[in-house]
Amino acid sequence: MSQPPKILVFAGSLRKDSSNKKLASIAANAARKAGAEVTYIDLKDYPLPIYDGDIEESEGLPPNALRLKELMIQSDGFILASPEYNGSISGVLKNMIDWTSRKAHPEEIYLSCFIDKMALLLSASPSPLGGLRGLVHLRSILENIYTFVLPKQKTISDSWNAFDDKGNFIRSKDQKDVEDLAETLVKTIQKILAKDP
Amino acid sequence: MSQPPKILVFAGSLRKDSSNKKLASIAANAARKAGAEVTYIDLKDYPLPIYDGDIEESEGLPPNALRLKELMIQSDGFILASPEYNGSISGVLKNMIDWTSRKAHPEEIYLSCFIDKMALLLSASPSPLGGLRGLVHLRSILENIYTFVLPKQKTISDSWNAFDDKGNFIRSKDQKDVEDLAETLVKTIQKILAKDP
Amino acid sequence: MSQPPKILVFAGSLRKDSSNKKLASIAANAARKAGAEVTYIDLKDYPLPIYDGDIEESEGLPPNALRLKELMIQSDGFILASPEYNGSISGVLKNMIDWTSRKAHPEEIYLSCFIDKMALLLSASPSPLGGLRGLVHLRSILENIYTFVLPKQKTISDSWNAFDDKGNFIRSKDQKDVEDLAETLVKTIQKILAKDP
Amino acid sequence: MSQPPKILVFAGSLRKDSSNKKLASIAANAARKAGAEVTYIDLKDYPLPIYDGDIEESEGLPPNALRLKELMIQSDGFILASPEYNGSISGVLKNMIDWTSRKAHPEEIYLSCFIDKMALLLSASPSPLGGLRGLVHLRSILENIYTFVLPKQKTISDSWNAFDDKGNFIRSKDQKDVEDLAETLVKTIQKILAKDP
């Protein structure tokens, strides 16, 4: 009997009332329902300075970068709900990737918290495109650092009218799509984790 | 005991002496060595008109499009060796994707020859970038039509000096990298094909 | 008094009833109204084989490739109405770019029919994204070959309901947007063409 | 007689000894030589918090975001020397764009510090690609917010061996390429700024 896959879920925005946090939260529940062991975090609880090679050289990685790296290493996969800012991902998400991509110590395998992890990408945006352009960049960034990204993704357009005041989806199709994708992620990780055939 | 994965291998160029055909051929052998059942084809043997919706409406899909679709549907994965023309993929590869993405008959599941297939991308180019920009587009095209693309890929730069006159790699690192990637593809497909856990 | 800018306009599709041909045609009229000398062509009148380095070596460029190159060289700018096929540009447009990017004779300056031309990108698509993903690729292809691309572009979503049966826009905003962009293109070319300050 | 174009130059990295700062500095001198009025800044002198919609709502834009916006609005064009972090632009550059893209006050025209500015993109990187993948993202980000980006750009590969200890280029071709591009930028802005023909 196999272990449940471990999935780390977070949004790429800091704002308390962020649609992407609502989306991440729904996806976290969907992944749990599909059998995963889910850790949901809020990047606001892991503040980081903006990456600066001089800080890294003099002080090493900030404690929150180490914590995030550890959470990622312990995970088999990620669900990211990424806002689109100016046609790309948010600065906070890029900065988090930049710090966690650095080695905690010289012997660490480079990019060990990204390699062979399996990621599902989601996005909510007030625009009709639903954050699609941000996901194009996020997908290419993650694949460049050897994360496996599910081809299917979900963008929530018109996000101001997509959630009710409890943070649930108004459109049942959105709920079903996110549940289906979360289940696909969980099943795919289970297969990949299975011992070599 | 599981079936060997079926892998379709081809280059995105027509020229007889194409570096990408050499690369595809080496990768085909590597996939065989890793345990796959490999079908290597040359797109020159499957000539297609340029996609035109009027042709499709009046005559349906051309016989070679149907043959290619059938080969793809029978496969679990693809290895593509894609040249870079003008910062993107070749017209012949794009046109082949455009035709095979169309339904052979109304009941066919849309994109059935792409969905959930697992692809490895390779590229050879005379430029120092090795065709990287073409693979950026190819990756995004395939993922848009729900093919799983391995995050790791291999670009062969300075391709005019990369192969000997028998079509083998001159640099042993190139050979090892392609063999490792082919093995990763084969193993990943084997896991994905394994029955649901 | 300066010469009117010369603008070549065409769609990236072959189908007779293509929305992108309607869009190109509207844009051609808008560019004329803004003071340009406009040449509108239909790629169906310039059939080309799929690019093959062996054909190029044995026969040189096909006559239609030479005609297209000449039209492009005579132009100061382009308006392209590009459909989206599988998240990228059409095979016919990519193939046309691949042929015209090749030298007609050894002394020709490489990419002379693209360098420093100024392009406006348009797209019509039945999808809610209006062909946006195709324009992302087209923009990067053209800039890689040194064409200047206007940052602003226009995508027509829900294209089946965007044109009346005479091929005019139903939504007046679409008409205004295309006219404004065509005027921006014409004015920008006029400035660029002005003698060095 | 026309005014000299005003060009703002900066690197997308914070590290004191950054190759991209050296590159930005060389480009600043080249733009001055070509007749521009150049302002060179170091983003380390304009520290910003990571963008957070809650901060913006409660406190408005940070003073350094306002200063940067003002510098950008006063400029006709930008030269950006952008490092590549994880296949995209740096968090510091993305964060700076995210803050400056926000309105300083409700009446401000949205994106006024980006619209119709003309940008030249440069990149230095230790990798053989020279930061190319970062520039792909930067180009698409800037064009999405209506900045004009010169099609030609320059990537400095193997950056650790590209500069001498005074911060000058070792390879004279690099120097010439940057000078030519800076001159192209200056001349293009002069034409665009010229009064309507």
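As written, the chains take the letters A, B, C and D, and residue 1 is the first residue of each chain.
Assume a residue touches a chain if its C-beta (ideal position, glycine included) is under 8 Å from a C-beta of that chain, and two chains touch if they have at least 3 such contacts.
Everything quoted here is computed from the prediction, not taken from an experiment.
Of the two chain pairs shown, A-C and A-D, the one joined by more C-beta contacts is A-D. Rounded to whole angstrom, the centroid-to-centroid distance between chain A and chain D, based on C-alpha atoms, equals 29 Å. Chain A and chain C have Cα centroids lying 38 Å from one another.
For chain A, residues that reach two or more other chains under the stated contact definition are 133, 136, 140, 143-145. Contact topology of the protein chains: fully connected, every pair of chains touching.
Across the interface of their complex, chain C is touched by residues 13-16, 18, 44, 47-48, 50-54, 85-92, 94-98, 101, 133, 137, 140-141, 143-145 of chain B.
Across the complex, chain C meets chain D through its residues 2, 136, 139-140, 142-152, 187-188, 190-192, 194, 196-197. By the touch criterion stated above, chain C contacts chain A in their complex at residues 128-129, 132-133, 136, 157.
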